[in-house]
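Note that subunit A is present in both complexes that follow, paired respectively with subunit B and with subunit C.
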Partner chain A sequence: MQVTMSVNGAEVSREIEARLLLVHFLRDHLGLTGTHWGCDTSNCGTCVVLVDDEPVKSCTMLAAMAGGHDVRTVEGLEQDGVLDPLQRGFMECHGLQCGFCTPGMLMTTRALLDRNPDPTDHEIREAISGQICRCTGYATIVRSVQWAAAEQAGIRTSLPEQDDSRASSAVGGAS
Partner chain B sequence: MQVPAPFEYERATSVDQAIGLLDRLGDTARLVAGGHSLLPMMKLRLANFEYLIDINDLSDVLGYITVEPTQIRIGAMARHRELLESAELGRAFPIFADAEKVIADPVVRNRGTLGGSLCQADPSEDLSAVCTTLNASCVIRGRDGDRVVTMEEFHRGPYETAVGDAEMLTEVRFPLRPNGASAYEKVERRAGDWAVVSSGAAVWLDGDVIADARVGLAAVGPNTAGLPEISAMLTGQRPSEELYEQAGIIAARSCNPVTDMRGSEEYKRHLAKELTRRALRRSVNRINEGS
Partner chain C sequence: MTAVEDRKVTGFEDNDRKPVGHGRMLRKEDPRLIRGKGRFVDDLQLNGMLHLAILRSPMAHGRVVNVDISAAQAHPKVKLVVTGAMLAEKGLAWMPTLSNDVQAVLATDKVRFQGQEVAFVVAEDRYSARDALELIDVEYEQLEPVVDVRRALDPSSPVIRTDLDGKTDNHCFDWQTGDEAATDAVFAAADVIVTEDIVYPRVHPAPMETCGAVADYDAVEGRLTLWSTTQAPHAHRTLYAIVAGLPEHKIRVISPDIGGGFGNKVPIYPGYVCAIVGSLLTGRPVKWVEDRSENLTSTGFARDYIMRGEIAATKDGKILAIRTNVLADHGAFNGTAAPVKYPAGFFGVFTGSYDIEAAYCSMTAVYTNKAPGGVAYACSFRITEAVYLIERLVDCLAYDLKMDSAELRLKNLLRPEQFPYTSKTGWIYDSGNYEPTMREAMRIAGYDELRREQAEKRQRGELMGIGVAFFTEAVGAGPRKDMDILGLGMADGCELRIHPTGKAVVRLSVQSQGQGHETTFAQIVAEEIGIPPADIDVVHGDTDNTPFGLGTYGSRSTPVSGAAAALVARKVREKARIIASGMLEVSVADLDWDKGSFHVKGDLTKSVTIQDIAMKAHGAGDLPDGVEGGLEAQICYNPENLTYPHGAYICVVDVDPGTAQVSVRRFIAVDDCGTRINPMIIEGQIHGGLTDGVGMALMEIIAFDEDGNCLGGSLMDYLIPTALEVPDWETGFTVTPSPHHPIGAKGVGESATVGSPPAVVNAIVDALKPFGVRHADMPLTPSRVWDAMQGNARPPV
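This part shows the complex of A and B:
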């Protein structure tokens, strides 16, 4: 069957099998391997993309179902060579180590900041609660999103206060 | 890589057209809404269909939450997030927000629907227990029009409902009664998981006595059936801790949990008792806070 959709603002049209999942359409048919393919069971959230501005787990959506809709992937965050505030936040605040979960984290938190430009820690944690990161313990991800929120609001003065007491106590315990 | 077996994809343009397709294709076809229950089953090849009929374009006509004087009508395509965020629904039935907060995760809740959850008929599914607790009725449309069934009639058993091959669940109706409140209590192993056990309660007061009360459980047997024995015991009584305790004992005795990776039968009966007690207590507290 033929499927046509907008991906990162450009219309794409391909002949596909109806059973093709959106994640494989993006990665294998369009070569957009920024979207990662993880657990395959809608648990890990690394495959999250935005469909009509809402985060969706692309391993649990058929490419056919995205036909006629606007899909945005992690490749669509950067605009004209300028990284999204979230991408810069993840760099500034060490929001990733291995990077496997990062595309999904970025897309979910992009949607969060679009709806709620000034989220609390709790709201950030709630938003990413369907996503798994095995490196950071989430604290630096939350901090990265806070950094991006402040950056967007134009009130960046310094890094958000360190709230990761576990990290500092772990250092203390090692000495 | 988990990929469904091959199928033909059709997109519904109207409810009648979808029913026409189902009528023509019979049991080789299945509707897909949010797809977050059906697609995983198809990926595991636990479900295989020759045709998949995508009804997501019907969100506009079946995605409503309509509050009327004596009932709330919710379209089958209302998504979890919409149910969670509806202030009107939350005021009338706080059980919805209680349950929706702990159904899967926010991203999954962007896609999953009320109708899809009920039609999946998983014995551990939370919205079926909510609908049972609230004495909901289901509107099923076929070629010859609508029929309305109770939740007990709708939910026939695990993964089995009253919806026929050429039919579609279009709406769920919740009767509104004065001076009532509801609550949902769930224990899960980790955020977003299926329930180990869940209990929903709804209570209506007449003065300081219980005019009616209902309890619905999830994950403790093949059905999410209500517990009429609890309703009979509570009706006409003044709410008290002793009463909640008795209701919990009936819940623990009446359910049929099995030992599995989520817990032992004994533990699940303990949860059925304790969560029923908490849900009833919270419902009554909510009535008193609201009055």
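This part shows the complex of A and C:
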């Protein structure tokens, strides 16, 4: 079947099998390998993309269902060489390690900040609670999103409050 | 934006602890990863690439009677179908495991666990390959499975490993450590003995990226290139050479960006070998990427130790001795990755952080009809189990003696003057200063105030728990005289080249799965050679372009390869010193090094930078006598000892008395990993491990039903913490450098995974004290906590 959709602002049209999942359409047919696949059960969220600005798990949506809609992937976050504040926040606050869950986290939190530009930590945690990160323990992701929220609002004056290690002393005898 | 490598986060200067500078530098890996431009195995697209899918056993134990592949072969998009019998004809049906056992690539005689590989299909696309699996007709004769590990050695149990000559039972190995007679004597005379049965259930690393490979065999050149999700590309290459009979110099293993490892990507899996066979037989590149269920049901699990622990003490709380008996479930094949002389990994450190008189452990490992593996999930070679055992036992002792668990630990911790300390099981702890670490955790937690709050809440019937754990790890395997994997010594190479313009490339034998090696290793070299980290490229994960070494696991990268990086830079610096002496026309003894330049002693105006020296080394004109051109060096580092990081963790939980739901309110982690290189990366490693620990303590388990069906085969069944189940971590640190590591660093990648499970469980058990609970096994799901509250705490398996 023929499917036509907008992906990161450009119209694409392909002949596909009706059963093709959106995640495989993006990765294998369009070469947009930033969107990852991590489970088959909508639990891990590494495949999240935005469809009409709403986060969608692309492993659970047929490519055909996205026909006629606007799809946005991690590759679409950077605009004219300018990184999304979230992309910068994740780098500044160590919101990623292996980077596999990161595209999904970025897309979900992009949708969050679009509807709620000043989220609480708990609202950020709720927003990403359908996704799994095995590396970071989430706290730095929360900080990254707060960094981006402040950046967007133009109110960045200092870094978000971080770990307690600043308060600790090297009592063990650092050389 | 400006190049990220040049920038440091401000506000953390006091975290930039010497001697390794550059401190909290942003990661060099991030710019590609936040753009979706990472290069993961499944991202690879090669011309003519085919897709491989594996048919797996639906049952835990059965005889393979017949495999009919004719319908699958007739599928129009299928290029190849291969069975175990076909592999056997080529001598490829079995492969060695990292523990010198053998494992079936594809089943020939029997299937031995649910999910075992039976046949594979190579087709034009991934969907067609999956379709064709359904066209393969396998006839099995179902056999009784061995599921209950406690009954594996019963004479009536069916023998799983009938492939091994003369095998008449399910015994895998026995292992002992310590002094049994001395330990028994201390126990016989002790005031107090506490005994507890403690189960560390089977769990799974479940990295977000599953395992996979792309094999590309070039028949003309006789060259195999394998992109694979491996934590040990060099060791894997050697094993492929042995298994497949291909010459080692014709094999290139590339480990590109890896989406998390946690030990899961240390072993060689049948899927990798199938991909190689698929490419050999089709002459085209073949991609295999397992799905999540395949990952959870067939690849390296972790733990699965059933432990009886005993602790002997005086009645005022001086710990005297530890004794333990362990039954280890190794699944159908012993796929454990551990140094050859250490079949139980480094479980021997079960004496923990305490000054005791005697210790003894005896262990029996058995085969069962479950997935193979046995060491994975950030465990530092079984130290996770060892620390959990001792830290639970200490809390059981505190319970019986009615002592505060922090005070009991403080009373027994090793003292600084005892280091280097030789434990009662023969481990030489390199350095440690434990009490300040413990006090720091108590300070951050506000320990006394928490105890007061708990007392008040107990009055009101609220269930609040405070859990304390203290751990010592032994990481950085290892000295090659003692440690090898299948005969390969656990050393690591490193090569450093300074280009004429003073930029550098450092090539590592270890590989990153998210740890940030491209950043950390550039920082180590920068500190030693004075070239900015931004000017140092780190190459890793490619056997054609890096020196040999054993790879990344067991927190060994910084202790072993990090030492190699520092030493290779010093070697280059010494050559630079000779060249500088020629340039400045003084003797080498008259030169001082000032991080990036040599100057004449007492005259700072006469100096040359490392960049000047690099150009001179490659340029025209004479060099000092005996000095070759170029500025580069390579070394192989054989560590003198392991490094012994330690830490003190405190967890605060609230348990809902009505639903038994556990909420982790706070978690304080104070770690000492010696010299700190990049505090941001260290903190990240700790955070991730703490989340693992909360997961294992509260929800993660790979369980089996009585027929051997895996009950944790998807992420709907195998629960992993989300952002809502974990608190905002509170971290602190102390610094006790390793005396034998060139920069004093110790490993840290697994510290939190090791230390956090006992802290969480101790907290929950502490919350349940009003119910008379002294121990409850993980995972402490609401139903299991509820059972414990009713006096029905039961082992999970």
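One rule holds in what follows: the second predicted complex is superposed on the first by the 162 of 175 C-alpha atoms of A that agree within 3 Å, B and C clash if a C-alpha of one lies under 4 Å from a C-alpha of the other, contacts with A are read in each partner's own complex, and residues count from 1 in each chain.
Note that in this section a contact is a pair of C-beta atoms (placed from the backbone, for glycine too) under 8 Å apart; a residue touches a chain by one contact, two chains touch by 3 or more.
Note that the structure is predicted; figures quoted are calculated from it, not measured.
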A:V49 contacts which: subunit B (first), subunit C (second), both, neither? neither
Which partner chains sit in contact with A:D40 here, subunit B, subunit C, both or neither? Use first/second/both/neither. both
Where does A:M1 make contact in the superposed view: on subunit B (first), on subunit C (second), on both, or on neither? first
Determine, under the contact definition given at the top, whether A:G99 touches first (subunit B), second (subunit C), both, or neither. second
Touching partner for A:K57 - first (subunit B), second (subunit C), both, neither: first
In the overlay, work out which of subunit B or subunit C sits against more residues of subunit A. C
A:L113 contacts which: subunit B (first), subunit C (second), both, neither? neither
For A:S129 in the superposed arrangement: first (subunit B), second (subunit C), both or neither? both
Touching A:Q87 in the superposition: subunit B (first), subunit C (second), both, neither? second
Considering only the touch criterion stated at the top, classify A:A149 as touching first (subunit B), second (subunit C), both, or neither. neither
After superposition on chain A, the subunit A residues reached by both subunit B and subunit C are 17, 19-20, 24, 40-41, 43, 126, 129-131
Complex contacts: residues of subunit A adjacent to subunit C: 17, 19-20, 24, 27-28, 31-41, 43-44, 46, 73-75, 77-78, 83, 87-88, 90-92, 94, 96-103, 106, 121, 124-126, 128-142, 158-159, 162-175
Spell out the part of subunit B that touches subunit A in their complex, as residue ranges. 1-9, 11, 32, 35-36, 39-40, 43, 52, 54, 56, 104-108, 110-111, 191-192
Within the complex, which stretch of subunit C touches subunit A? 1, 4, 9-12, 14-15, 17-19, 26-27, 29-38, 40, 42-43, 45, 125-127, 205-210, 257-260, 262, 291-293, 433, 436-437, 440, 444, 513-516, 668, 670, 672, 675, 679-681, 683-684, 686-692, 714-716, 720, 722-724, 726, 728-737, 744
Where on subunit A does subunit B make contact in their complex? 1, 17-21, 24, 40-43, 45, 48, 54-57, 60-62, 64-65, 67, 108, 126-127, 129-131
